[in-house]
Structure formats: C-alpha cells, structure tokens
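Just so it is clear, A, B, C and D label the chains in written order, and each chain counts residues from 1 on its own.
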Amino acid sequence: MSVADPMSPLKMTVATSSPSELAHRPSRAAIWKSALLDRASLIIPCVMLIGLLLVYASLRDGVFTLDELNLDTAAAMTLILAATGQTIVLLRGGIDLSIGGMISLGTVLAATRFGTDPAQAAAWAFGIVAIGGLVGALNGILITALRLQPFLVTLATWSILSGTAMIILPTDGGSLPSGWTMFGVSTKLGLSSSVWLLAVLLVFWIWFKRTRLGIAIRATGSNERSAFLSGVSPIGINIATYGLSGIFAALAALYLTTQTGAGSPTIGKDYILPSVAAAVIGGISLFGGRGGLVGTIIGAFILTIIGNLVFVLEVSSYWQPIVSGIILLVAVLASSIAEKSARRSLS
Amino acid sequence: MTELLNATAITKRYGGITALSRADFSARAGEVHALLGENGAGKSTFIQILAGAVRPDGGTVTLAGSPYRPRDPQEAQRSGIAPVFQELSLVPDLTVEENIWFRHEPLSAVRTVRARAMREATLELFARHRFPSIRPDQELRRLTLAERQVIEIAKALSRDPKVLILDEATSALGPQETEWLLGLARGLADAGSLVIYISHRLGEVREIADRITVFRNGATVAAYDTQAVDDETIITDMLGRRMDRLYPERKKTSTDTVALGLRGFGVDHRLSDIDLDLREGEVLGVAGMQGHGQRELFQALFGIGGSRGTVDVWGKPKTIRSPRQALTGRDGLALVPEDRRNHGLLLAKSVRENLTLSVIQRFTRFGITDPRREGALVDEMIATLKIKTGTPEQLAGTLSGGNQQKVIFGKMLLTEARILLLYDPTRGIDVGTKGEIFQLMRDLAAKGYAILFYSSDLAELVHVADRVAVLRNGRLAAILEGEQNSERQILRAAMLETRAA
Amino acid sequence: APPAMAEGKTYKIYLSNNFVGNDWRQQMLRIAETVVKKPPLLGRVDLKIENVETTTQAQINSLNNIIRTKPDAILVDAGSPTALNPTLEKACAAGILVISFDQVVTADCAYKVESDWNMLPAVQAEWIAEKIGGKGKVFVDRGLAGAPISEQLQSGFEKVLKTYPGIEIVGYFNGNYALGPEQEGVASLLAAHPQVDAILTQGYGSGAIKALQDAGRPLVPVAGGGYNSASLVCAQTEGAQCILETNPAYLSAEAIKLAVDILDGKEAKEKHIFVYGPFQSTHPAPSKLYPDVKMQQIEIGKTAFPDLAPGLSLPISPDWVEITPQEAAGT
Amino acid sequence: MNIRRHRAILLAYLGMIILLLLTSVVAPGFLSATHLRSTAVLAAFIGIVALGQTFVIIGGGIDLSVPWVLNSAAVLMTLLANSQDAPLLWIVPMLLAAGALVGMINGLGVAIFGVPPIIMTLAVNVILQGGILVYTGGAPTSTAPKAIQFLAVGRIAGFPVVLILWIVLAAFATILLSKTAFGRHLYAVGTSATVAEFSGVPTLRTTVLAYTLSGFTAALAGMLLTGYTAQAYLGMGDPYLFTSIAAVAIGGASILGGTGHYIGTIAGALVLTILTGLLPALNLSSGALLIVYGVVILVTVSLASEALSSLFAALPRFGRQRGPAA
C-alpha cells in the first residue's frame, strides 16, 4: 500500500526557512496597472465628467467659475444626498426604493410642521431625520426577519410612506420659514452653503468608509457569507444600512425644501431611479461591494451637467431627450469599453 | 493533562440530511489534533459549530471546563477560537489587510481604522509567522487561490487564538507553503495553543498531529494517538472498508499521436516559450512553485485570458479564445478550474444543473431537454464519483467541500472531451475517492484520452503522471520522466535556478 | 425672411414645459410653435421650448439655465404649483417676465393663465345631477394622486353633488388622465357595485363608456374631457349621454400673446387670467350655477372629427388667430 | 416537484389566493365571472410585458426601456394602420421585429460593451421617447384597427382572445425557461456570469436573446393595449415599468438574477391586478390607498412566506438554514 509519501525530501531545505514568495514578484508596471484597475471605477467617471465639462465649457462662458460651481452643486445636491443613502445600500448589495416615499414625507412634514419659530423648525428637522432613520431601520428589520427581497420590502414601504405624505398634505403646498429657503443662496468665501454641505458630506464619507461599519457594509455586499463567518450580524448590518439610507433620504428632503420652499407628497419618486443611476454611473455595482460615494457624487454631477449641456446645445425641444440619452450612452459606453479593455489587458 | 475542548454527542441535521449524528471530540491545549474522515463525514459542519456559524441540534461542548455554545461567529472569536474555513471567509472586495483585521481593526480616536497601524500589524504578523510575502494593499480578488488561503490563515492568526482550526488549509497550497504551515501549526501547539487540523493528506497528519479523531457518517468512530496507529487502520476507520492502494499501477498507454501540441506558447509576461506535446493516452504532469505559470497555462489553454504561440489539437491548428471554443465535444478540451467556488460551480444551483451545464446538448432533442436522459447522465456521474448528495437537486453550495470538487470533476467528464486539463483535481478529496480518481485517470488514458495534470501534491504527480513538465518563472524548466520523475528532482528543477537568481 | 411685422421688436421667450408624455402637452407645444409663425405674433417672438423630464428638480435646473440667458419672458407649464416658486421669484427679480399657464404656480410675481377649475367641475356635476334627476349612485374620478388639479376637480364635483341629497358617491377611482387607468378603474368599481347611475371622470369619459360596454352594463351619463376621441364616442354611441369640459390646448398661445402684450407695455387687467372654452354635450342644457357658460351640441363634423386624431383636444383655436385642426394635430 | 426550489413561486400564488379571499370579503362582486375575466385580461397586459422582463431579470439584468418600446409600438401601429385592418399583416410583424431589434441593441450594449443594464436601457428609453416624438411630431394617432381591438377585448366562445394569447405565450416562456438549453444558460448567466463562461455557456448570445425577447413582448403588449383602449396615447407605457418589474419580483425572482420563473411572474401580474382592482372598492383617500397598497403587498407576501415556512418545517427534508445562505 502506497499512501502519500510524506514530504521528507523537503524538510531540511525549507522547514527552517521562510517559504519564497507565492508568486514571482510582478513588475512595477504590473503593480501600477493593477492599482489603476482597482480604482478604474472611480477614475473613469472622473474622466467622463471632465470630458463633459470641457465640452460644456467650450459652449458656454464662465463654466469654470465659483458661480457655476454653486449653481450646479445646488442643482445636484438633493440627488447627491438621496444617492448617498442609495450608495450605502447598493454597497451592501441591496436596493432602497423607499427613499422616494421618505423624501416626500420629509418635505411634507417640513412644509406643514416647521411653522415660523426657528426652534420648532429645528426640532422638527431633527425629528424628520430621526423618522428617516427609524423607517430605514424598519426596512432593515423586515428584510432580515421576513427573508424578503429588499426590492419588495422597500417597494411596499415606499408606497406606505407616500400614502402617509399624501394624507398629511394632499398636494404640493405648505410653506417654510423664509430663512430656510435662503439656505442654498447664502455664501461664504464665495462658496454657497450647498458647496459647503457637499464638503461636509465628503468629510463624512472619508470618515465613514474607514469605520468598522463602513467596512462591514462593503464586505457584506461583497460576500455575505464571508461577512457572517467573520462576525457581522446579518440583522445589525441591515438595520444600519437601511437606517442610514433613511437618514440620508430625510436629509435630501430637508435640502429639497430649501430649493422648493414647499412640500410635495409626490416629489420623492423623482429621485429613486436617478439615485441608482448616479451610483451606477459612478462605478457602483448593483451586486454590492464595490465603489464609493465620490463616484456617486460624480455620477450625480454627470447627470446634472448633461442637462446643462443639452440646454446650451440649443437643440430643438423634441430632440432634447434624444440628445441627453445619447450623451449619457456615449459617455458610459466609452467608460465601459475603457474599463473592459483595461481589464482584458491585465487578466 | 486536562482537556481544553470537549464535545459530546453533537448532532446536526439539514432537513433530511444528517451532517452529524453523534460526534464526540476532545482535545487538549498544546497539541495538534487531527480530525479525519471521508468527504461529507461532517468535519466542516463540526468546525462551523465550534466557530458559531452553525448551531447544533443537540449535544454539548465545553471549553476549558465551562459550557460553550456560541450564538454567532463573533462570540466564538471572543472565546479565543479562530477557524480557517474550508470555504474561506474572505471578502473579495476588501484589501488583504482589511480582510485580515476585519471586525477587529485598530481604531483611532474617531473610530476609524488606523491604516498605518493596520499595515504595521500586518507586516509584523507576516514577519512573526514568516508568511510568504503578499502585498497587503491589494484587493483580495486579485489573489490566486493559494494566496487567498494564506490570507485566511493570517486572518485567523491575527486574533492570537487559543484554538486554531485549520480546515483543509493545505489543500490549495504547494509543497513549500504546506511545509511552512505545518511548521507554524506545530509551533503554535508547542506554545500552548490547541490546533485542530483537518486534511486529506495523511502524510501531513503523520508529520504533525499528536492525536487523531476520525468521523464517519457524522459520528466519531475512532480516536487515537498518532504514534500508536498505522495508516491502514486510519484509512479503514475513515472509509469503513479496507483500501488496497492509493496509486494505480502505471502502464504506458501513450501513443505517438500528439493530442495537444504547443509551440512558443505564452501568456503576457507570466508564461513564455512553452513547447510541449501532450500525447494520446498520456498523463502529463505539470509542476512548479506557486505562481510560476501553471494556472496561466491551464487557463490560457482553455481560452481564458489572451495567449500567444500556436496550439495544435489532434494535429490541427486551433485558436481557443473562449471556453466555448475549447469545449467542442470529443475533440475538444475540458478544464477542472482552480477556483471551484468562483469558476467551477453555481453554488446556488443544484448538483444536477451543475453537472450538466456544459453538456445540455447531450440530452436535448429538437430543442427540448429530456429530463430522463439528463437524469441518467447525472445519476451515472453521481454513482461513478460517489458524490455524497441527498438528491441530485441538493444545492451545490451545501455539499461538503470534497463533494463540490467531485461535481466539478464530473461536470468535466460529462463533456466527453478527450483532452482533459486537470488543475488540482483531487483538492479536498478523501483518500478513498482520490484513489478512484487516479484509477479513472489511468483508465481514461488507456482509452486514448490525453490528460494534462497539475497537482499541488507532488506525490500525486510522481505516482500518476507518465512525465512531468516543470515550470519555473513561466518557462519550461525540465521534463522529467522515468527515474527522473521524483519529488526531489521536481523540486530541484522548480526551485534551484530561482534560488540562484 | 418673414415680412417685418408692423411694430415692435422681437422678444426672446422661453417656454419651460415639465412633461411631454401626453397628447394634450404635445398639442399645446405644437400650437405654441405654430402661433408664433402667424399674425399677429409673426416676427414678434423668438420662441425656445425647453422640455424636461417629469422631475421638478429637472425643471428647476432648466429654469436656472434659462434665467442665465436673460430672456424677455419665461412661460412655464409647471410640474408643481409651489416647488418652482423660489426659482421663478429669482427670475422675476432679474427683471424677467414670468407667466405660468396650464398648471400654474402660486408665486406672486408670476402671471397665471389657466382654465377655471372651479367652474368646470361644478357645471359638469350640475349637468349630471340634473340628468339623473337629482338622485342616484355615482362614481367619481380622483385624477392623479397628488396632482393639484385633481384635487380641485374632485372637490368641485363633490361640492355640487353634495347639494343633491339623493346623490351618493359610491366609488372613487384614479383615472390618472390616461385611457387605460380610467377604463380599468371604472371596470373595478363596476364589479363592486351592481348599481351606478353616472360617472364623473377627469379624463376622457370614453374609457368609462367602454368599461360600461365591456361589463354589459347600460350606458349612464358621463362627464369627461374635451378630446376628439371622447366626442366621437359620445356622438357615435347609441344612447350615450355626455358632458365634456374643455381645457384648451391653446393656453400656450394665450400665454405667448399675454407675454408679448405685457412686454409691449400693455398693462394686463389681471394677474390671474382664466381662459374659457365651450362645453360640449350630447344634451346641452343651461347651467344655473354659471349662467354664462356656453355649451355646444356634440355633432360629427362640428365638434367631433372622425378623420382627425382621437387624441386631439378641443377646441383647437383661440379666436384671435386661425389654427387649423391639421396644424394642431401636426399632420 | 421539488417544493423548495419553487418556494418563491408558491409564495406568489399563495399571496394571490390570500388576496382573492380578502377581495371576496370586501366586495363579493369581484368573484363574478365578468370581473374575474376582466381582471385576467388586465393581468394579461402586465403579464406579457413582464414576460420579457422575467427573462432579462433572470439573466441578471433589468429592462427600463419597456415603457417606450411599448408606447412606440402602439403609436406607430395606429399611425401606420390608420384604423385599417389589412395593413396589420405587415405592420404587426414589422413592429414586433422593431421591438426585438431595440431589445437586441440593449442586449448588445450590456453584453458586448459592458454598459450597466440600468443605464443602457434607461438611455434607450429616453432616446425612443424623443425619437417617437420627433418622428410623429407628437401627433395623436388614429383609432386602433378593429382586428387589434378584437385581439385585446374580443372573445371566442366567451373566452377572451388576449387570454388565449397569454396562455400560449406563457406556455412558450415556460418551455423556454424549463426545457431548453437557452433557459438553462440564462439561469447560469444570471447566477454567475464567470462560472457560465467557464462552462462554455454562450453568455453573449444568451444575454442578447433575453433583451431581444423583452423588446418583442413590450412591443406586442403595446399593440394589444391599443386595442384595449381603442387608441394609442402618449404615456401609455409608463405604468408598465414598475409593474413589470414588481410582477417579476413578487413572482419570486431575485432582482440580482439567477432565480425566478415566468410561472411566478404570472402570479405576480395577477396579484398586482387584483390589488389595483380591489383598492377602489375600499373607498379610501388617495393617501390611505397607497398605505393599504404597501401594507397589503407586505402582509400577503410575508403571510405566504410564513405559511410556506411552517409547511417546510412539517416536511422532513427542508429545514431552514441559519445565517445567510452561502
């Protein structure tokens, strides 16, 4: 009988020394390439945005000014906030349709409850954010406990939240303190408060993505089983993820009211698909685990700039959707092809 | 000496499948305790129970004298138990170091991960245990399977465990890394930890285990001191029957017909100038240290990733740019891939669907699949390879590791391709089945198949292959045959020049 | 080059429209494009139409872009009565004339040109109530959930129906201003209610008639909107009793004309202007609530055109310019 | 039949039955033959759009171009046919082919160039919308030809024609998914494109075919819908975006691909139709309706889920798995 011959020949040669490298050392170029490739999902939307901005700047004066930055940031900010929550959920490998209902509910509550007393307004602003968090946490609990798809659960809560908003305020209306609507307009150091808000958001992200929770969310989206085996609690991660998404939806609602000065029980649905689109353009995979907020923000700006671009191109009205669709497609196509060929050249 | 870990009468059922029926296990601090058993015996299930990933239906565990019933993996970790899972518990989209320190990252005052500290801790950990050097900042998904396995080990060690569990941690490792891991495990035990060691390579077990526990069909059938027992007894206890021999008799069956001819074959900078003839009826071994081009050779031949040079298949030039172009029935090529979970198996689909995925045409008539014919193919393959599955409808992801490997092997056999590219086909497979697979390989060769065979276990190459091609730095270093085909010669060819360079 | 029209310069006017996805909006846009090529507006307007996706945010962004080009006037068919206010007030502050039309905004500085959404449902409800003799069970269309006009129409219906003690609203449905949902909504209610005496829709009315026919129910009086398809169904269906209101698609033309007049220096009498079109009915009857309203007999060739598109909104042309049905239909 | 594999599908049907029972309490008239028939007809339109959507979602994608493929086919059909039946002989096949072509473009964008499906199909939707407006000048079109109206609302021996069509399509889809190589390949691609590729599955062809089918069924549904309302109108496709996806999801498919079946989607379409039919009968405000809609979806699906779980617990072979599935 010849069962496995032990590894005797090796013993004296290796047992006392460290094993050699597993792979022969890759060339410096290969390391660079793979580093680039690891970041391709961010680099490519950046290049896309820069390309669009260059075209835009060639058609309109003053594109690279603070004014333009202030305007575009205000235009993109609600979407950015909504997409921040969506980004977190997508990184987890889920999806949150309920942000549509939460945004509506948030604007409606703000427009009907703020009154004129700043203290009351502030209290309700916090209240709305808390409601967002609770509603999101509830999503997380339902998804885990009922073992239902996030798509279905958040579809249902979307409807419930929209209905609640509609009961509170049946159609667009209400009012906000006049100081509130000045939020986006006021500037410091030439930058509008929207830009500052964006900066705060970035700081938050830089912090958040390096927290244990931030890592755990990405990890769970990347491989749920591994995350569980490593000690991530399935229900805890869902509560945190969807809770954050609800909080950001509430923040988006509050920001939106500074732009519209009113509440709307239907406005939230405008942000569901675009929030996913912004994230996907920014390099986030629906299958979870990959991407980050910076990509999403760039994605939101790309969507906004495309609108500006179509405006300055002065295409006749019927052609506008076609042109914006084509710009989007060409931009994404270019990046997809670039990424694909980069991947091929490496693998 | 008192027992550190004591498990009695552990049971675990998955619906109608009994994974553990009555498992007893007891081990003490300071020893390496091997847990053996054939595929599907319940070893990994037992480990997962210890690790808090699965809750047992019955039985008790005590750890250092007090009852131990972890609610989740985190609790197990806190109790000082660190498992190296057979299926690995790594996250592809995190970096190497993020994986190692996942859930216990060093934190700053604002609760963020301290990147510098994590890097230092990683390098310190690597240095302390003399890990092979792997760049800590790479995303894990860029790593080869062997590298991932090493990182999984690092992850477990990062917790300074009282109990280290190694579930087939060597199955993807080459000889050098295996030797390193054995040394490491021994060292830990000598320093007072308990190491539970699962492997299908008896040689390794002999080398480091103090004691052995054997599972069969979910129950403990034997436990003994390693010194006091011979291989034959162990194997008989594992399989429930005697086994004559592991390696088949090697008869020369190769003809002069070249099944697969490579000229100037290469893959970017990782493989170059390969001239190689695989003949009809031949088992041609491929050896080399990890990362010297073996997986590139196999993958490129199967149409994954680009390649240069010419490939002749059964005497005719052939371009293979995708697995589809490789898998062309009897005159094509079939591959057992390296990474079974990511490349070989649809874990969420049934054994049946996995087995027949590449050969749907074989049971399709007028565009419609015939479940009876399919069933026949599936049943035959399950019987041939003794795949332990409740029914063919069991999800592949719920099979034991070795049985998953068998499904992949069966899936490849069903393609009827007569050129087989076997990349570590016996990884995680128990001795009994291994012997049968070797026999099968020889039988297929005798029937005119041509087999390219890589194994991380050199002994397999020595005993099963007719010739062994050794790769070094992506080039063909030697072709060993006859007397030359020995572990020592293979290692010499694979390593020497590297050392010199 | 067009012959220089009488007096005055050419004004740069933007039309910001939040929705292109229905027939009414299409006709409205076509009329806007047509009317600036005809006297009296010929040569007076450099009209640019900006359509946006349905989102309010997109319209805000588009308006911001428009404001930066400093046009003479902005005409808005708004996605929200309130959400554009801050943006439009910015436009006003920049000296741009702002006229909202169709779906108007509440911003004080903006002119408003719309149909009289209080009068329209009241007259229809009154007609229906009289038709069923002041008693019976009725279905009411709630329009599109959350849309301001839906609220106005629904409460307009309800207010008048409430004055008839014998009338009971037994069911509500959401017609969403589209044929399919109207037909589906009525069909569902029919299944739940064995008896119905009239149906008040905010949409076409023809969907309700079709639902009645599909369910094998007798035809009952129906209120609907002034679309060619509705007129045709009412005219061609044996026993149909209809009253159709009108929200003229030429509101855009009225808004353009108002803009030019104001820019020319003619002071508008009011900031809130209602545009009235005639009702059409199979059985015209004078209204007691609004004695002044005009009601036309539905008649093939006069108010219903078999050879024209069913989605055409009637009436087609304001009286100060001649827009042909072909121009309105774009054929 | 292996119950566990089809848990999600069973769940959808259980939900549907629960809903029907609920309905019969609220409004007994709903269980009349007439109303059941009209419910089935309405479900058929969703069901047909959702057929292609099912294939795309199983393959790991999503088709957001459905609304305007549907709308374009409807508008072009009425425009070209000009209320005449005869030209339908070439118009219908041509538009079906055109729908399929749009789907194919979606599929190629996704499969060859790697454009994320959401973006690809969203852009195509917008482009189609603009395209149809440019082409027709946004002109409202003629009434639907009589033959199309017959297909949509006509009956043969009391049985709705469109239901016959739906049944035929459902049989076709079921065979395609369960009985052909294409179906197998689709599930494999949706589960893991990498493993499918390694297994020699023609991933590109499979993906493209799924989208092609989706374009085809959307165009078909568009033409049929024209028959239902007797005319085409702009915006008629809009409601079918979320309903088609929701029908697939309620039918048990994961939005991430690899699971689900058209048999489930049928239940999904019925659930949605019964629910939208039931709601008006409750006489609630718009807001309350939305709340009830959400709650009913949640409750029926989870009730069914619980019921099924206890069923599994009773069956020896199929226990619950703790922790997230591998």
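What we mean here is this: a residue touches a chain if its C-beta (ideal position, glycine included) is under 8 Å from a C-beta of that chain, and two chains touch if they have at least 3 such contacts.
As the structure is a computational prediction, the values presented were derived from the model and not from experiment.
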item: Chain pair with more C-beta contacts, A-C versus A-D; value: A-D
item: For subunit A paired with subunit D, centre-to-centre distance based on mean C-alpha positions, whole Å; value: 29
item: Computed distance of Cα centres, subunit B from subunit A, in Å; value: 39
item: For subunit B paired with subunit C, centre-to-centre distance based on mean C-alpha positions, whole Å; value: 71
item: Subunit B: positions in contact with at least two other chains; value: 53, 87, 304
item: For subunit D, residues contacting two or more additional chains; value: 126, 129, 133, 137-138, 286-287, 289-290, 323, 325-326
item: Multi-partner residues of subunit C (each touching 2 or more other chains); value: 20, 29, 53, 145-146
item: Chains touching one another, given as label pairs in label order; value: A-B, A-C, A-D, B-D, C-D
item: Complex contact set, residues of subunit A against subunit C; value: 71, 75, 78-79, 166, 170-174, 181, 256, 259-267, 270-271, 274, 304, 307-308, 311-312, 314, 316-318, 320-321
item: Subunit D-touching residues of subunit A, taken from the complex the two chains share; value: 93, 95, 142, 146-149, 151-153, 155-168, 170, 224-225, 228, 234, 265, 273, 276-277, 280-281, 286-287, 318-326, 328-329, 332-333, 336-337, 339-340
item: List of subunit C residues in touch with subunit A within their complex; value: 17, 20, 29, 48-58, 60-62, 64-66, 80-87, 106, 145-148, 150-151
item: Residue ranges of subunit D in contact with subunit A within the complex; value: 64, 109, 113-116, 118-120, 122-127, 129-131, 133-134, 137-138, 242, 245-246, 249-250, 254-256, 285-295, 297-298, 301-302, 305, 323-326
item: Subunit D - residues contacting subunit C, complex; value: 26-27, 29-30, 32, 34-35, 38, 42, 126, 129, 133, 136-143, 153, 225, 228-231, 233-236, 238-239, 276-281, 283, 286-287, 289-290
